[in-house]
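Two complexes come next, and they have one chain in common, chain A, joined by chain B in the first and chain C in the second.
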Partner chain A sequence: MGLLGFYFRKLITLIKGEVLVLPSRTIVGLFVLFLLIMPLITQDPYIIRIMIITSIFAILAASWDLLSGFTGQMNFGHALFFGVGAYASALLNLHAHIPPWGSVPLGAVVAILAGLIVGIPCLRIKHIYLALTTFAFPIILIGIINALPDYTGGDLGLSGLQRFTNSLVGGYYIHIITMLVLCFVMWKITDSNTGIIFHAIREDELAVKASGINTTRYKLLAFCLSGFFAGIAGGLYAHYMRIAGPSTLEVSMSFNVVIWAIFGGIATIYGPIAAVFILNPLLEFVRFWPEYRMLIFAVVVLLILLYMPEGLITWVREKIEIQCPRCKIRNVAIRKNCRVCTAELD
Partner chain B sequence: MNIIITGLITGSMLALLAIGFSLIFGVARIVNIAHTAFYMVAGYIIYYLSIRLGLNVILSMLIAVVAVTLLGLLAYKFLIDPIREHELAVMIATIALALIFQEVTLQIFTGDYLSVYFLIKGYFIIGGNKVFYQQLLTFGVVLVILLVIWFLLMKTRLGLAIRSTAEDREVANLMGMNESRLAMITLGISVALAGVTGAVIVPLAVLSPYMWTEPLILMMAVVVLGGLGSIKGSFVAAYILGFTEALVTFLIPAGAFLKGPVALSIMILVLLIRPEGLFGIAFEEER
Partner chain C sequence: MAVPLLEVEGLSKSFGGLKAVNDIRFRMKQKEVIGLIGPNGAGKTTLLRLFTSILKPDSGSIRFKGKELVGMKTWDVVNLGVSCTFQNMRPFRRLPIIANVMVSCLSPRSMKHGEWVKRVEAKAMDALEFAGISDMALEKASTLSQGDLKRLEVARAVATDPELLLLDEPFGGLSPAETDLMAKSIRRLHKGGRFGRLHSEGPAMIIVEHKLQQLMKIVDRIIVLNFGTMLAEGTPEEVVNNPEVIEAYLGGGGGE
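Take a look at the complex of A and B:
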C-alpha cells in the first residue's frame, strides 16, 4: 500500500512538474484523456465512425511526416503504402482467411517491401525530382489493379472483409489505442538518435555523410518505417470499411496526406495528427452543404497557409511557448524567467 | 495511323503543359500543381463563351487565354507571393487552388461531360483512317507556339533574363534583375501556355471538372523525364510519352488501364539510369 502511494505521489509530481508546466503538453494530455473517455459522453455511431476514420488517417499523416518531414524525402505518393497495406491485408483476409489481428501487421510488412521498392530507385534522385517520381508509383499500381480484375476486384475493389469486432465501442477503443500507441512510437523514433540523423539528412546530407554516417541506410530505413506505419493505417482502414478499393491509391489520397502534414506543420509528428483531427471532423461538420465541402476545405487550407506558412500547430506553439535562450528548454510564454535555469526570457 | 495521330496530339498537349510547368519551376522554384487546373478553366471559359453565349470560337479562345493569365497573376500576387520562402506551403497552396477551381467549375457547370465544336469541320482519309482537319490544326498551332516560346527564350532580353534566373537566382539578382517581377512575368507566360493548351485541345477533348488530374500526372512525368527546366527535354519527352500512351492504348488489351502506368514506368526506368532526366543538367547541390 505504501509502495502504491509512493508511485501515485511520484506520478502526481511528474504530471505537475513535466506536463502541466507547458500548455502544449497539457493540451496533448487533455486530448488523449478526451479520446479515451469519449464513448462515455456520446455513443452516437456517426461520431464514433468519424473518430475512427480520423484516427486511421492520423497514423497515415504522421507516417508521412516521419519520412518526408524528417528526412526531407518528399514523398508525393504516400497513398501507395496505404493502398498496399489495404490490399495486402484484404487479400490475406479473403484468401488465406487470416483474421484481422494477423492480416493487418502482415499487410504492413508487405507495405515495408513497397517502401523498399520505392526507396531504392529514389535514393539517386533528390528534391522535386523525387516528389514527382514518387507521385507515379500509386498510379502505376492502380493501373495494374485495373488490369488484373480477377485477383484484385478491379474498379470495385475487394469487399466483404472481416472487422476487428462488431461492437461499436470496442472498435473505437481498438482504433484509438492503436493510433495513440503508434503515434507515440513514431514520436519516440523521431526523438531518438535515429530521428536526429533523419533531421540532419534533411538539413544537410553532405555533412551527415562527412560525419561517417551511412545516409543511404538511414533513408531506406525512413522509407521502411514510414511504409510500415502507413501500411498499418491502410490495413485498419480496409478492415474498418470492409473494402479495399482503388480509392485508397488515388491522387487525392496522396495529396490529402501532404495537405494534412503541411497544414499542421512538418517535422513535428504531433502537427499532422492535430491537423487531421481538426480538418477531418471539420469536413464532416460541413456535410450540411455537401456541394461546398471540398471548396470550404480548400479555402480553409489556403487561408491558414497564407497567414501561417509554417503550419498551424507550429504557429500556435510559437505563440504560447517560448524557448529559453540559455538552456533551450521551453517555457510558457507568460513567464518572465526560465523554469529551469531562471535566465530571463524575452 | 491512329497511333501516330493520337500520339502526336497527346504529345503536343503534354509538351505545351510541361514547358509551362518547368518554366515557372526553373525561374521561381514554384511547383505549380494548379497548372493543369488553369488549362481546365480555359477550356470551360471557351465552352461558356462559345456555346452558352454564342461568341465566335476564336474570339472566345483569345478571351479565355487572357482571362486565365489574369487569374494566374492574381493568384500569384495574393496567394503565392506572400509565402514564397516556404516552398512546401506554396505547393500545398497550389493544390488547394486547383481544388478550388475544380469545385467552382463543378458548381457552375455541374459534373456533366461537355464538349466544344470543331473549328473547322471535315476530314480526309489516309490509309483507311480518318484524319480530322481539327487535329492537323491543333498540331500546327502547337508547333507554332513552341517556336514562339523558343524564340522568346533564346532571342529576347526577357528570355535571357528568364534563363539566367533559372540558372542561378542569386547571381541574376545581383546583376540587377528584379527577381520578383521576373517570377511574375514567367508565371504569366506559364499560365498563358496552360490556357493556350486548353484552347487548342478543347475541341478534341471532353470537358469535366476532374479533367485536370490525368494530364497533371503525365505532365509531371514528362517534366521529370525530360529534365526540369529543359525546353528541348520536355519537348522530346512529351512525344515519347505521347506515343507510348497511344501505342499501349491501341496494341495491348486492357491497354486503356495501363497507358498511364506504362508511361510512368518508362519515366522511372530512365531516372534510374539518368537521375537528372534525358536532357536535364544535374543541379548543383543548393546551399
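Take a look at the complex of A and C:
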C-alpha cells in the first residue's frame, strides 16, 4: 500500500512538474483524456462514427507529415499508401480469411513495398517534379484496379469485409488507442536522431551528404515509414467501412491530406493531427447547410493560410508559450521569468 | 615509399565547353597542409568538389590512401575520412546549431570513432566548443553571423573526424580579428589532440583561400591554379616569387 502511494505521489509530481507547466502539454493531456472518456458522455453512433473516421485520418495526416513535412519529399499522391493498405488488407481478409488484426498489419507491410516502389524513382527528382510524379502513382493504381475487376472489384470495390468488433464502444476504443499509439510512435521517431536527419535533408540535402550520411537510405526509410503508417490507416478504414473502393485512391484524398497538414502546421506531427480533429468534425457540422459546405471549408482554410502561414497549431503555440531567450526552455506566455533559469522573458 | 595520402592523376572536368579543371596531378603526404590559390574561376572549388564526389570528373583518378574515390558516393568518401566545408555556407537554417553538428556526428564514421561517447549531443557540443560557438548551441542556425557560420562549417567537418580536411575559403568574409581566430583554430586542429570528447589525429588539409598573408603562415606547400591547370607548385616563398604567378594574379605586360 505504501509503495502504491509512493508511485501515485510520484505520478502527481510528474504531472505537476512536466505537464501542467506548459499549456500545450496540458491541452494534449486533456485531449487524450477526453478521447478516452468520450463514450461515457455520449454513445450516439453518429458522433462515435465521426470520431473513428477522424482518428483514422489523423494517422494518415501525421504519416504525410513524417514524409513530406520532415524530409521535404513533397508527396501529392499520399492516397496511394492509404489505398494500397486498404486493398491489401481487404484482399487478405476476403480471400485468405485473415482476421482484421492480422490483415491490417500485413496490408501495412504491402504499403511499405509501395513506399519503396514510389521512393526509388523519386530519389532522383525534387520539388515540383517530385510532386507530379508522386501524384501520378495513385492514378496508375486506379487504372490497374479498373483493368482487373475480377480481383479488385473494379469501380465497386471489395465489400463485405470483417469488422474488428461489432460493439460500438469497443470499436471506438480500438481505433482511438491505435491512433494514439501510432501518433506517439511517429512523434518519437521525429524526435529522435533520425528525425534530425530528416529535418536536415529537407533543409539541404547536399550538406547532409557531405556530413557523411547516406541520404538515399534515409529518404527510402522516410517513404517506408510513411507508407507503413498510412497503410495501417488504410487497413483500418477498409475494415471499418467494410469496403475498399477506388475512392480511397482519389485525388481529393491525396489533397485533403496535404490541406490538413498545412492547416495544422507541417513538420510538427501534432499539427496535422489537431487539424484533422478540427476540420473533419467541422466539415460534418456544416453539413446542416449543404450548399455552403465546401465554401465554408475553403474560406476557413484560406484564412488560416493567409494569416498563419506556419499553420494554425504552430501559431497558437507561439501565442500561448514563450521561449526563454537564455536557456531555450518553453514557458507559459504569462510568466515574467523563465521557470528553469529565471532569466527575464520579454 | 609509403602510400601517399592523396594521389591525383590527370583529373579533368569540363562544364560544356569550359574546362574547369584540366589534367591536375599532385601527391600529398600524411599531415601535409596544402594551400590552393588562384584567380577567380580558376577551378579551385570545382577541384574540391571533385575530391568529395559531389561532382563527377570526366577523366582521371583520385586515390585516397590507395583507394579510388572516383565513382564513389559522397557519403562513402566522407566516411573514408575526407571531409569538406562549403564556400557559400550551407547550414540547416531552421535547425538549432547543435543539431547541425549532430547530423555529422550521426555519420557511421563518427559513430565508430567515438564509441565510448554514448551521447551524440556531447560530441556535437565538443565540436562546437572547438569551433568556439558552443555558447550559441541552441540558437537557430539562421541567427548566426557570417563568421560564426564559417565556424559552424568547420565544426561540422571536424565532427566527422576527417583525415583529410578540405576547407573552401575558411577566411572568406571574415573580419581581421575573426580571421586570426579561425587561423588559430585551424593550426590547433592540425596539431591534433583531444578537444573534449572529440579526438583529432591532426588531419591533412587542403585550404582554398584568397587571403594569402594568413594562408602562408599555415601551409607547407602551395598549388597555384589558373584556368583549370596547375600553374605553379612549391613552398610559399617559391610561389610568391614565381613570375608566372605574379602575372596571373596582377595581369601581365603592365611593366614593360
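Here is the rule we go by: the second predicted complex is superposed on the first by the 346 of 346 C-alpha atoms of A that agree within 3 Å, B and C clash if a C-alpha of one lies under 4 Å from a C-alpha of the other, contacts with A are read in each partner's own complex, and residues count from 1 in each chain.
In this section, a contact is a pair of C-beta atoms (placed from the backbone, for glycine too) under 8 Å apart; a residue touches a chain by one contact, two chains touch by 3 or more.
Here the structure is a predicted model, which is why all the values come from computation and not from measurement.
Visitor: Of the partners chain B and chain C, which touch A:290 in the superposed model: first, second, both, neither?
Guide: neither
Visitor: Does the superposition put A:5 against chain B (first), chain C (second), both, or neither?
Guide: Touch status of A:5: no partner.
Visitor: Quick one: is A:132 in contact with chain B, with chain C, with both, or with neither? Answer first, second, both or neither.
Guide: first
Visitor: Using the superposition on chain A described above, determine whether A:206 touches chain B (first), chain C (second), both, or neither.
Guide: Once the two structures are laid over each other on A, A:206 reaches both partners.
Visitor: Of the partners chain B and chain C, which touch A:214 in the superposed model: first, second, both, neither?
Guide: In the superposed model, A:214 contacts chain C only, not chain B.
Visitor: May I ask you to decide whether A:160 touches chain B, chain C, both, or neither, giving the answer as first, second, both or neither?
Guide: neither
Visitor: Residues of chain A touched: more by chain B or chain C?
Guide: Result: the larger residue contact count on chain A belongs to B.
Visitor: If you lay the two complexes on top of each other, which residues of chain A touch chain B in one and chain C in the other?
Guide: On chain A, the overlap between the chain B and chain C contacts is residues 206.
Visitor: Taking the complex as given, what residues does chain B use to touch chain A?
Guide: Within the complex, chain B touches chain A at residues 25, 31, 33, 79, 82-83, 85-86, 88-89, 91-93, 95-97, 99-100, 102-104, 106-107, 213, 216-217, 220-221, 223-224, 228, 254, 257-262, 264-265, 267-268, 271-272, 275-277, 283, 285.
Visitor: What residues on chain A touch chain C, complex-wise?
Guide: Against chain C, the touching part of chain A is residues 193, 196-197, 199-200, 203-204, 206-216, 327-328.
Visitor: In the complex of these two chains, what residues of chain A are touching chain B?
Guide: Chain A residues touching chain B: 121, 124-129, 131-133, 135-137, 139-144, 146-147, 206, 251, 255, 258-259, 262-263, 266, 291-292, 294-295, 297-299, 301-302, 305-306, 309-310.
Visitor: Where on chain C is chain A touching in the complex?
Guide: It comes out as residues 52, 54, 73-75, 78-79, 83-84, 86, 90-96, 99-100, 102-104, 106-110, 120, 138-139, 156, 159-160.
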